[in-house]
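One chain, chain A, links the two complexes that follow: it is found with chain B in the first and with chain C in the second.
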Partner chain A sequence: MIIPKLAFRNMLGAGAKTWLNAVVLSMAFVAIIWSQGLYIGIDAEVSRAMIEAECGGGQYWVEGYDPFDPFTIQDAHRPLTGPLRTLVEKGQATPFLIVQGTIYPGGRIVPVLLKGIDPGQKLLSIPSSVLKTADNELPALIGARMSATSGLKKGDTVTVRWRDAKGTFDAKDLQIVEVMRTTVQSIDSGQIWLPLQTLQEMAGMPSEATIVVTEKNYGPAVPIPGWTFKNLDYLLDDIKSVIQAKTIGSSILYSILLFLAMLAIFNTQLLSIWRRRKEIGTMMALGFSRGKVIRLFTLEGALNGVLAALVGAVYGIPLLAYTATHGLGLPADQIDSFGIAISEKLYPTYSGALVIGTTILVFSITTIVSFMPTRKIAKLKPTDALRGKLT
Partner chain B sequence: MENSILIKTVDLTKVYPMGGQSITALDSVSLTFRKGEFAGLVGPSGSGKTTLLNILGSLDAPTKGSAEVLGEKVETLSHKKAAALRNRHIGFIFQTFNLLPVYTAYENVEFPLLLLGLPPAARKKAVMDALDWVHLADRAKSRPNQLSGGQCQRVAIARAVVKKPSLILADEPTANLDAENSHHILHTMEDINRELRSTFIFATHDEKVIGHLRRKIVLVDGKVAKDEVIKAA
Partner chain C sequence: MKKTCVCAMLAMAFLVSRTMAQTPPSAESILARTDQNAVSGNKIILSAMTIHGRRDSRSISSKSWIQGKDKAFTEYLAPAREKGIKMLKLGDQLWTYSPDADRTISISGHMLRQSVMGSDLSYEDMLEDRELQTIYNARVVGEETVLERPCWVLELTSKGEEVAYYSRKVWVDKERFVVLKEEMYAKSNKLLKTLEVKSVIRVQGRWVQNVLVFKDVLKGGEGTEFKITAIEFEAAIPEYIFSKASLRK
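Moving on, here comes the complex of A and B:
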């Protein structure tokens, strides 16, 4: 216990230098936890929004359907049979039918995806119940982004043109019955939601669907001929890749901070060994072995990490707690530029694993950086050290 | 045990390489020191006083010959064993005091006892006793920069004697002190020598110190030129 005790005394005895190192290191400490927590929070929020609005517990896709290949959509429909029909009837899944179409708002031609959804479905957060209407009009639901790009508003009527299963073009007027606000762009941009049965009739695809969304926590997936199950790992992969890319981007910032802190500690250690060489000699004369001196100096440096954690806790805990509860506001016009389903407020998530992991990382790096300069001591002769020489 | 041999050197030689040449700091020094001696290595600068003191303190190893200190052959000691020998049995007093600057006088004196692993109560008593011997108990909480040179050297003496070592090695202990402080410190060391029966060996060319020695060993160019008992114990 003597070495920790002496290291603590020496560290506090070093005064301003110790505090300066601790403050710089604490900034890196807090920055790592804050930025990682922010991206963990975004990941959790985006995943939750995607699951609630679009993915459910996974999706069955008609074989050959590829959302990124428009040429596959025309043939991507199939009758619901067997286990899929049972799932839908039990309310454990809801089908979508996807048909390509064109609308003509204000004399412009706008290609869209017509998506049929069951107005009675409760699995997804899409407000499909607005599509239950007794009117003869064709009710349609669009998102705010679609509204902005097409200029369509609630109550507007627009002509829609589509091609049915036999390749015949047809057209009809639809009426926007609701404009929904959603953070999930993939259920909004370029899409018009129609009652499923109506779209099936329009397209000549009775009881058919392109996608069947299962309820949350669905599984294990039953293999169904003609359909491919896409689990959440697959469906959220793109989003997670985007978040990972942004996480790496942010890590550059805190890596620089961490590097500066480590440079300061390395430099302090090096100077400390140079300045205190007589002290090292004295310690050796009093009975400290070289190994003990090395351990003492390494621990002194490593204690910077402990002090940084304490200093960081003083301002970091209130700061992180505030952002976790009140969120971080984003300018409304920049939300879509992220390319992922984030809301106007981001709520960072700070887990125990994140804090412990960051602490271990900072302590490990600090200890290594503190140890490196002490290797000089291993070569130091006590007589040289007492004379103030550093061999 | 009163006259038991504490240190025995036989043909002790130390050669330092210096560029392409070598300098002989000690040349076949054979000496014996007994328990309770108050002896001094005297001679001009470069005569090998400090080199001999360093070897006797197991801080350095001889190039040739042997130095047996408290039953341990210095030339064969590992770094760890040498450190243990110094820790348990040898006290050092340096010309420039060499107090640890961030520690108080109390903590400086306590340092060797921490290494020995003494329990806190025993440690506290020993530190306060040592500070009492050097009349600095009231400055226990002062840091070295709050003490005068004489007071610093008295703290260094307390640190050297606190573990009641068999051997105390003092390298020019009065070189940075005025006459009054030197006189006071030498009296303190004489008192401790009488009370603890520790062997004191000085390296000095200060006449004030030489006047207090009971045995004087004159070194010239690394050789023993004279070894004489000045006063009886």
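Moving on, here comes the complex of A and C:
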């Protein structure tokens, strides 16, 4: 018990040096928890938004369909039959038809994806019910990003041109009945939502669909000939990769902070051993084994981690709690620059595992760094130490 | 009596000739002759394309080597920004080569709907090369004068095959069987594109549309003007021209 007491007393006795180390280390501590929590929060938010607005419980894709390969879209349509039709009829899934088209806002040619959605669907958060209106011959729903790039607003009419299943051009005027705000870019940019049945008639593809979105928690997936089931792991994989890349990027910042703190602790330990070599000799003369002396100095250094945790808690807990409840605002013009479906406010999520994990990490590194300079003591002769020699 | 008979015969002959003159040839035969006039074996064309934008107009000159309906190779000659861009069409496939990027790109899918060099012509318009008589049912709906030339007005409706434009209205020169004006309609009968010929020249015994304006009606603007500055029919074209390798040469 004497070693912890001595270590604690010596640590506080070091004064400003100890506090400086603790403050720098606490900053690394808080930065790790904050940035990790931020990206965990973004991951949770993006996944939730994607599931609610686009992915549902997974999607059936027509074989050959690849949303990242526009060449595949032209032939990606197939009638709903068998178990897929049953799922749709039971309300456990909703079909989408995707057709390539062109709109002409203000005389410009803008390629778009025309997406047919059932106006009565309840599975996704897309406000498709606005397409039920009987007033307009061809009601259309667009997102705010599409509105900004095309210049189209609610109530505007624009001519849309497309090719039907036989490749023949057709054109019609559509009216924008609603501009939706969504964080999910993949249901917004370059897309126009139309009533499913109308688009099926327009494209000459009756009762056909390109993808079928299932309800949340759908599973296990039934294999259906001509269709491929894409689960959430697959659908959210790109988003997870983006977040992982951003997490790695942010780790550079706190790694630098952590490195500086460790450098300071290492330096302090070295100086401490040099300055207190006579004290080390006295302790050995009084019966302290080398191991005990090493443990004492290592514990002194490691206690910096404990002090850093306490200092970090003083300003970190209120700071992290505030950001968790009030969120972090993002400039409206930078939201889309992330390339993922984040909202105007980011809410970090701090889990117990994150805090405990970070604490163990910081303590472990601090202990290792504190131990490394003390290895000199192992070779020290008490007589040399008493004379102030350190060989 | 003899005099009366001669008069009657002359009157009959006059009436028959009038009737013959007023009876149009069948729409199918007009289309067949128009197709025959439009399609040739090999030809090399030097042309200038003037794109009328909203703010200004720009002109792009090019040289094209064409073999029948399926093979075409175009190299842009001016301005400096477009110089060296090449385009190869083989059947229903299209590639472009950009010297700046030193890359060959296959144009298909949604890219076919994009305009060629910002003109009113899309890539898929360039791929449309089937003879009208094979894909359209035609009927003569009238006679009009275009470019001071008497024309048959034909209404073409898709035979139900895969065609880009469901219906067309074409004005065909009665004597030269050259299309002098054309309107292309969507299935919904919405006018999509127009073609207006400004002048026609005779080269190696063929009547050729010399200056024509292609206009995407939905896009607005003044359209895109094509001017053929030189044309050579039945020209000798080496086969290597129509290969992907020639894009990089």
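Points to keep in mind about this one:
Simple rule for what comes next: the second predicted complex is superposed on the first by the 390 of 391 C-alpha atoms of A that agree within 3 Å, B and C clash if a C-alpha of one lies under 4 Å from a C-alpha of the other, contacts with A are read in each partner's own complex, and residues count from 1 in each chain.
The rule is simple: a residue touches a chain if its C-beta (ideal position, glycine included) is under 8 Å from a C-beta of that chain, and two chains touch if they have at least 3 such contacts.
The structure presented is a predicted model; accordingly, all values stated were derived computationally and were not measured.
Of the two partner chains, chain C is the only one that A:F71 touches; chain B does not reach it. In the superposition on chain A, A:A245 makes contact with neither chain B nor chain C.
When the two structures are aligned on the shared chain, A:F169 is found in touch with chain C, with no touch to chain B. In the overlay built on the shared chain, the residue A:A16 is in contact with neither chain B nor chain C. In the superposed model, A:A353 makes contact with neither chain B nor chain C. Overlaid on A, the two complexes show chain B and chain C touching no common residue of chain A. Those residues of chain A that touch chain C in the complex are listed here as 69-74, 100, 102, 104, 107-109, 111, 159, 161, 163-164, 166-172. Across the interface of their complex, chain A is touched by residues 54, 108-111, 113-115, 158, 160-166, 184, 186-188, 190, 192, 216, 218-221 of chain C. Residue ranges on chain A touching chain B, taken from their complex, read 2, 5-6, 9-10, 12-14, 278-279, 281-292, 381-383, 386.
Of all residues in chain B, those touching chain A in their complex are 54, 57, 59-60, 79-80, 83-84, 86-88, 92, 94, 96, 98-103, 107, 111-112, 114-117, 159.
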